[in-house]
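Two complexes are shown next, each including chain A; its partner changes from chain B in the first to chain C in the second.
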Partner chain A sequence: MRHTFVFFILLLLSELSLTGARAADLHPPKQVTAGNGFSIATTGNGDATFYLVGPSDRAKQTVRLGNAIEVAADDVRTAGRYIATVCGSDGCASSAFYVVAAAPAQLSFLVHPSRVPVSAKDAISAVAFVFDKFHNLVLQPVKVDFNVAVKDAPAISRSLPTSNGVAWIRLNATRKGGPAQVVASIGSISEHRVVQQVASDACNLRIKATRKGNSVAVETETVRDCSGNPVPDGTVVTFTATDAKGKTTVDAPIKRGTARVQMPLTGGATISVASGVAMGNEVRIGGTP
Partner chain B sequence: MRYLLALLIFAVTLLFVAVGWVTSGGLARAEIRSASTPTEAVQALLADVQSHNWDRAYARLANNKDIDRSAFERDLSGSYRSLRTYSSLEGFDVWPIHAASEQAVVRANLHWSTAVGPIDDVRDLKVEHQGSSWKVDWPSPNLPKVPPQVIPVNYLRWDVINRGPEDDWGEQNVDTPQVRIISMNPVERPDRLIILGEIVNEDTVPAYVNVNATLLDQHNAPMSQEGSFDKISHTLLPKQVSPYRIDFPGIKLKQIKSVRMDAKAMLVPASADPVIEVSGQRMNTDALGKKVLSGELLNESGQPVNIAQTLAVFYDSNGKVIWVSDGYIDQALLPQTPVHFAVDLPDDVAAKVQNYHVTVNHYSSGNS
Partner chain C sequence: MISWVAFRRLGLVLFAVLLLARLGPNTAAWAADALPSVQLNADSISPRPIEELTGKNIARDYAYAWQTLAQALDQDRSELLDGYFTGFAKETLSRAVADQKKSGIRVHYIDHGHKVSALFYSPSGDAMQLRDTAQLEVQVLDGDKMVHQEQVALNYLVLMTPAADRWVVRLLETVPGF
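What follows is the complex of A and B.
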């Protein structure tokens, strides 16, 4: 706590001294790469204390004015504006310089959504953030390669430069269901995500019914969407039978591609089927048991 | 003097006990126990049920030789952790339907206080004149018993693994399910405004849903906000549709300019089991003259459903949702055992109903 307070006061003094009179002078490079050590030339003579204050780094060392000050690589790991201050017997002098991100070393890759209906336009959003090995966002333009691979379909590849450290792309979902591997890469660095392309609403939902004594067995054909993809197991199909005793409804999940139920039956009946907002066909069963 | 004080304290205590007995209905119970009329016989029996005095209640039955005592107790106190086991008989109304010299029929409306609110149970009881008093001929409890068997269940189950706290912020997570409100209809009743409609899970994963509505006044300022609470099927499997109902007591339709709807969905683990068949659905009139939609529920699974709730949505001739009713079933749904249900609806609404659909919410111990 005390150290933080001291550095804060120093920072304040150094900011003031940037515009005020100087007893000694500092000549840091205008721009330094993160994680690289460098020297700061000084003028003047005698012993002094050198302070370096950055966005998340700080350092202090005793230096001799007139000699170059060696700044260690570990002291400049975070990109941003740094202030170097030297305080000798004649007062303090400060100078500011910038540390920029090192070479790309990491990718943070956001892909949304994790599930997408087949054939949906511009439905997949892929955003890549480029970082160096110290987690600094690399603001210099870098080319990011996006690659989307779906089983039994040609891969889609596009290269896009980053803008302020970010590159993004919007993709259409393919007509075929299944996992889509979305990969972003820069040289040997790559990140991959999986987007499940899932079937849309059921299409051409059809049932067949067979009377079995006082009940009727109803079964759907394989439930598919309009692109021919099988609707996933677990999807609820609602069967409705209306006979002389009233109405019977069963919400049955699809199992191995089809949904089936057995419902009680008195006399003739009309049986219909629906899944979500999609309606299917209607069948009539005669009155003879 | 010392004994006088002790006697005084004793007398005052006795007085307080007597006052407590009278104020708690002791006199009325004493009158009821005499059972000199069919109505009193039923009242006496129900008073004993209310005070959980099963031995005395059982002794009051005209047909107690034909009924097992534990079956009689289970008939009224519930079993299989059903809603009845979380209930108590709060009160009852009794009135004669038919009376002759030796036999009578008495209608009893039992007011149960349950974990989910009050539930009324109307029963027509036969009463017989035996000796000098009347006794109730209790209907033989038809407690379902499932024969030992193996029921294979292989429906889908969804488990969810979410992004962990140690994962990078850019790590992919699983998205919340896509749900959509497919209809919304405000209905004004004399004492309230009701927002009715349906919601569908459009996704391929299960969703835990909740619907909230905010009423906006003439200046587009929020004036009231309510949620669907238990008037919805919270867990929706893929492509499943649920009705919802949101009540705003004391609000008139003319007070509001618009309604802001908000459907919230969460990805939750779920199972496609149990499947519950709703059969014999028909609109009719119950013993109290109310319009009801009744039918039977059949649990097609191999596991008892402890508490079931029916949600019925009613449509007019244009397919518009005009009413949503719900009702809890006070007995457990045992596998392959039909259980009767009924949900009521206002007479004026019943006249417009062209179609209806019933869904079932289920709660099983150990499952959500």
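What follows is the complex of A and C.
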């Protein structure tokens, strides 16, 4: 019983001593906007040392307890949790507060892929991260406008709000080939990326054939995709001649928009053309005149 | 007569006691060297699902990032951040280390583990956003004098991006809540 009494007396004394140590106290605002100076009210009296510790800052100054402590705008530019501590003759007291991002000022914009076939659905992925001027991620939802535009073709636009500082979207490629400007913007802030929109697979392949003695010259019309964009040079076109002896196949790359080939031929034959999965027309050539 | 097994056990106990006694004053240094535990939950990630191996790598690399962060702050060596931090996160933490050197005010973390949820994995796989609830003991020291100490659960919003052979932290921001 006596021991219990002594224990409680000691506990009380220790609590009183702690209370004394907390005589100096400080009251920062719960939340501050990055890059804005503010004041921290203090209680107590006498000189003390003030410490401010943030994600990127460490500051120390001598202050007078009972007066407000002025925190400079430069000391709170990084968003995150800060610990303000004041140490007087009777101990230290601390309080934490948060600095949140300022207004949106810049976008970090990721766009993939760098080349995409025209008219491809959901082929372009665009991700925008919204930052303030101090490179803090802006967590308040902000509407981001996404836009894909090709010269002389209608643009595709969509808007989305950010979630945790991020907005993302999948966009269709436009129907026209060429460099597409992919833009993310918030008001007057915008970021541009270029995606090269290339022709899709060949479509409506057409050939013409002309006999030249014991051979036949076969040539395609300009090879285009289904949207009318010229298929890139280098794309392989396959010509097949079927005659009484069997089949002869020749591959030729597109050069300046067309593919051409000369095939040996003695009798009559049927000539067909294909590129990738696209089949073209067939041409019948008669026997040697 | 004491048996050989009992003698060995006694030796091991003595060794452990000596080791703990040796570590006692240096517990902080030991804690900074330990790899913190990271539990990753990717159940609600979107729009791209996370591959099993990627999930393991993210958890491993995020743990290494925190380990190197604690070491960089303990030893005032910003070059330790090079391995697992990049971009804004590296800039922010490098400034913190530089400020520590200048002011003599140091922050020491004792890391008790991280519960991490993967939020966003970009469609092309080049960025992942996580939120982390970290159990930390935070100590603020002015020279050798401890001016603040707390056990705290802090919420971090994290952005990681793939580098050549690992995932690196591009953004590490404490937030009031999720």
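A few points about this structure:
Rule of thumb we're sticking to: the second predicted complex is superposed on the first by the 191 of 289 C-alpha atoms of A that agree within 3 Å, B and C clash if a C-alpha of one lies under 4 Å from a C-alpha of the other, contacts with A are read in each partner's own complex, and residues count from 1 in each chain.
What we mean here is this: a contact is a pair of C-beta atoms (placed from the backbone, for glycine too) under 8 Å apart; a residue touches a chain by one contact, two chains touch by 3 or more.
This is a predicted model, so every value here is computed, not measured.
By the touch criterion defined above, A:S272 reaches neither chain B nor chain C.
Contact with chain C, but none with chain B, is seen for A:S56 once the two complexes are overlaid on the shared chain. Once chain A of one complex is fitted onto chain A of the other, the partner contacts of A:S119 are absent, as it touches neither chain B nor chain C.
Once the two complexes are overlaid on the shared chain, A:K255 sits against chain B while remaining clear of chain C. In the superposed pair of complexes, A:Q197 makes contact with neither chain B nor chain C.
Look at A:I83: by the touch rule set out above, it reaches chain C but stays clear of chain B.
Once chain A of one complex is fitted onto chain A of the other, the partner contacts of A:V236 are limited to chain B, with no touch recorded for chain C.
Using the contact criterion defined above for the overlaid structures, shared-chain residue A:H135 touches chain C, although it does not reach chain B. Using the contact criterion defined above for the overlaid structures, shared-chain residue A:T220 touches neither chain B nor chain C, since it reaches no partner. Contacts of chain A with chain B, set against its contacts with chain C after fitting on chain A, overlap at residues 110, 112-113, 129. On the chain A side of its complex with chain C, the touching residues are 31, 49, 51, 53, 55-60, 78-81, 83, 85, 87, 92, 94, 98, 100, 110, 112-113, 125, 127, 129, 131, 135-137, 139, 163-166, 168, 170. On chain A, the positions that touch chain B within their shared complex are 107-115, 129, 191, 193-194, 196, 198-199, 201-202, 231-238, 240, 245-253, 255, 261, 263-264, 275-278. Chain contact summary for the complex, chain B toward chain A: residues 154-156, 158, 168-170, 172-175, 182, 200-206, 237-241, 272, 275-282, 295, 300, 356-359. Contact residues on chain C toward chain A in their complex (touch as defined above): 47, 88, 91-93, 95-96, 99-100, 102-107, 119-120, 122-124, 126-127, 129, 131, 138, 140, 142, 147-148, 150, 154, 157, 159, 171-176.
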